């Protein structure tokens, strides 16, 4: 499935605000714009609903990158949900860094309902950026079955 | 009828959990009286072979504390899972990975290097490292394999119940024990027992305000007022994201909570939840200002994940590609 | 009341009425120069002399100044009066031989030539007869006192202080208006005004915006009204018998509580000035669609006549389509209405001027009911249509004959040749564009706009009048360029939608809400500050926070932030989102 | 070649293993004492804010978290160049003394005591706390439980938590002591003192009253001529919380006396491939392997060596006992490993006296319990006497107080080499060709080990001294010849 070569197709999860970017994505579609198909969209009422746990879980489930898209500052349908998203993403990037995950894999964009073009552009760009970064293989030595062999090889060999 | 069989074991932990069990004081005798303690290496001498000899599921209750750090911890986990009807992850190490779990933010190699080479007091010109198997002049010597990552018990074997806390507070241990001894119906498997359903704030009792944070202080920077919520005073306190049960001991001692009782119910990742909460209440809409405020949080991961790195969604620092 | 007889006619007038006013009332003409009905009489020119009979004999008095007395008998043109008036005119003509109005009066008075000669005949050949009307207007009416008499005797003249440009002058033009000899002229340098009328005809500070306006009352343009500059004037108040004019009026804001709003804020007309190649605002006789619409309006400033600046009818008119629309540099969209109004113009202009009409089009979009038929009709009437976008409009006029005419340069893409077409008038069919305040309005209502800047409907096909916000509807050009039938249709649809809700008496709202489970909440109060709607209350006694349902809009910020996981956001619960994640990432 | 493996609960559990190799003559060829656990605190604490260390390093050991808490917070004081107010220092030391009382009690009654109270050759079933209780009376058992309870109570009153205390902050302590709490503590310390005296009595009665034990203590099997390390105050009296570290040579002459911050000039650690635990030694003397004497850098840091390193005790009753011990055992220094138990009882008495003294000091009620640091944090060493040896915490931070380097030398580690040596010596002493390996034999080896009260909570993590033993005798082909094991306490 995932390979590190050029033909690696990044899996991106996009958390889109219902009022702007989601409509923007729609617009990109209805106006038949071309954009990378790697983005898997999850619609939320507001970028402020994006719980950082969602982002981590998405990484755990095999996403190579996460796009959080909300309304332009000042345009939030709920007044300032997008600023909350901004704050969370800023702190989250610091956390990702310390977990050894390239912070470029988490991206925050302001995309209005009118910016179908920007939406297409962003998802294509992001896909290329992730392609360059390569697949994110989370070291998940967590599930009992996935243990045995792999861990037996973990020896204290100097 | 014969007494129910009880086993206690520690893997990679500090022993505090064991002391906590002893700290139920007089009551320990009741426990000892009620159960037939078939395995408790720190207090009584029974052999691994005896356990191995038991029929599977022969042990009625096994309290397992400590994380899984090396090959030995792991095989003990597997053995006791086989032998025990009910396996309980006992204490923060077994439940979340605890402080030793911070090791998942670094690598096995780094740990060995610093312990046996870089530390200033170490005098090791040959760069000797401990090896799992050593041929001494007189014969072979072996020690367990030191793994790359610390894992929680549930990440190694299926676990029936979880008793959080570093250490679990004796009153909580007592409640659980007496409940079992009175034959109370066990909660559904997978439940957390010996803890509350709310968060530390419930037990803290300090009056709280709406949160608008513009500045974060480190504990050494200010003398906090004992009658005001620490978070309101700008000191990061994990209380809001931490399960109740300890009695808010640290906060009552005027120190911020660090989250040893683990995530609240319905929360899958204690650290990231607190990240969400804290960042949400930062009182600024300007990216640059927000960043400068965040700069005041020394060591975000070590703070929000102090006790839960191995049990967090991301589990460990990824090897840099 | 006072009764008096003028030239044998007897009448009654109110006390204080001057003889001149009484005469006017009796339609008896008395020549005047220094007199203006709205300015205090001054009796400077004495031209208005009349004879009054008194017991001491006949007496000559300036009728503009003398009030009527009871039983007074007045003669305005018996030989005695005419002799005196002729003498006065002789004196004036001596100094101002060429002032038309003087010559006219002289003629009326049967005066051939003057017997006198002026001491400074040819030196100061201006037309200022020193009647002082201007000075008094500027002082009494305008209140600016920017001009007054300077010097004495034959040196006397009207001037600004020290003959310098006056700080006081507000360029109201009152002096020019009252000057009997048009010695003072008022020239408007820029052609563009607030209303099309300014361009097309006389303009005042108090006017009726458009003749169809409802209610049909005049408005005062505070920016050009003298009163708001100098506190003076208010002549409109004096002359308005119903006393309807009120300068004290101020803007007021009225707050209404409504459950639904229809956004029908309309559009702005594209301003073609930036397209310098078409000369709008630079060359005369270049108009926008709306200007021409006014011109063609029977009740418009020109009474519906198509006129050039010089008052003549144009011989040829060029109509340029798609100005600002279908244009990469301005608006990429089609304004939809221009083709048809252009054709209407062609029809009317041809009908009213018998001149040539040239349409320059990209392609004709006559899509509506009966539109195509109208198009072919206009063609049969002999309107010229040229397919091609006009390159530029320039001043013709290298030969005397072409004086003031315009030259349209374009490529006729049908015959594939470059053409130059001389016309007298150019009509720019300028685009419909979003109102300049569309962004603020959008913010105010939380409306999103489509790339063209018009408000976005909920669905282009299935829900063209509603918006993404419940209770908020759009209609007309606010939503996108459209003609009248479409606007009416959309507006009615929106109205119907709103009525439906009103009839129902209840509104349905999305079930997306946040709820706090008090079993898990410990009142850390993280969520309290986050709610933009202050929908979360903290219950001190229970030490929990609680969502005030009716206020909650379900944005979910608190759900994401709650460190205790005590808040669930119905419709978008964590469980649901995780399930979604597993779904989208399963392949 | 035969291999005897003494392994607490088989080779699959890790709490210190002893491997004894016999040559073909059945003589002991060599012994290895292995510690199979490693945590890596020195690495993963890097990047943490230094002020959090007192709460992080407690998790090195749940048996003596107080020791790590104190060493760590003292290191923090040094890192921030700040001097805590007197009240704070006293509160810390009070907590620490209470902890010592509880810890030494546990060891004497539950772990070390049985060997003497019920005798080394008594059946294992009796050689435990219950046996002790039977010998010295039931109320003694209740006393022990009661004391532990009270000790933990005092720790939690001052430290916030009984296990893993939290109140230590750079420049002081976070929690004020209320009058009520203070009164309660005074009550507890009074109990400590009574209990300590009682314990002295017990020791007199059952150990000193029995010539056999005294002989055993004095026997060469349990004797090592090594350097002794301990912390002393300005009068060279022993102290647990603060002072200078003093090392005396095997003849009892002062070898070096240094402040904690100079520890690197005195100490170094040696690494062996067959154990995770390092072997500290005196740098100036150097690592000569597991050998005794003046020329070997190996030293001990135990209750006994603390007494050896000091010129006396700071409290009257303890001083009495101190003098009496050296009289009985023939003057300073004492190198008999088993005498450590006696020294421990004396330290118990000292700790109880110190606690009582501090509890009565009114200053501990002061509001001035913190000095807010102002200097830029840099580097610091914190050092206390842990029950099982001198404990060093050494931190280096950046200018924000974020840790760059961490170095720890924990109590038991100091004694790693001596423990190994004691085991070997005991093995040599008791295992001979043809000698059947009895419980007595095993226990005599274990006693050598247990005297150190090794807390592998710090290194491995078994509770102090709990060392159930199993001996497996293999022939040279590794086949199991005989297996014998004995239940321990």
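Just so it is clear, A, B, C and D label the chains in written order, and each chain counts residues from 1 on its own.
FYI, contacts are C-beta pairs under 8 Å (C-beta built on N, C-alpha and C of every residue); 3 or more make two chains touch, one makes a residue touch a chain.
Quantities reported herein were computed from a predicted structural model and do not represent experimental measurements.
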(request) Name the two chains that are joined by the greatest number of C-beta pairs in contact. (result) B-D
(request) With chain centres defined as mean CA positions, report which chain is farthest from chain D. (result) C
(request) Between chain A and chain D, tell me the centre distance in angstrom, where each centre is the average of that chain's C-alpha atoms. (result) 53
(message) Could you work out how far the Cα centre of chain B sits from that of chain C, in whole Å?
(response) 77
(request) Could you put a whole-Å number on the gap between the CA centroids of chain B and chain D? (result) 25
(message) Can you list every residue of chain C that touches 2 or more other chains, as numbers and ranges?
(response) 530, 557, 560-561, 574
(message) Show the residues in chain D shared as contacts by 2 or more other chains, in ascending order.
(response) none
(message) For chain B, give me the residues that contact two or more of the other chains.
(response) 105, 129-131, 146, 267, 273, 276, 280
(request) Can you check the complex and tell me which residues of chain A touch chain B? (result) 51-53, 55-57, 59-60, 73, 80, 83-84, 86-88, 90-92, 94-95, 98-102, 134, 136-144, 147, 151-152, 154-158
(request) Would you tell me which residues of chain C are touching chain A in their complex? (result) 443, 446, 448-451, 456, 460, 468-469, 512, 530, 532, 553-557, 559-561, 569, 571-572, 574, 577-578, 580-582, 584-585
(request) Under the touch definition given earlier, write down the residues of chain B that touch chain D in their complex. (result) 10, 12-20, 22-23, 25-26, 41-49, 66, 69-70, 72, 75-76, 98-100, 102-103, 105-106, 110-111, 113-116, 119-124, 128-131, 134, 136-139, 141-144, 146, 166-167, 218-224, 249-250, 252-255, 258, 298-299, 302-303, 306
(message) If we count contacts the way the header does, which residues on chain C are in touch with chain B in the complex?
(response) 519-526, 528-530, 538, 543, 557, 560-566, 574
(message) Looking at the complex, which residues from chain A come into contact with chain C?
(response) 11, 13, 19-20, 23, 27, 30, 40-42, 44-46, 48-54, 57-58, 61-63, 74-75, 77-81, 84, 88, 112-117
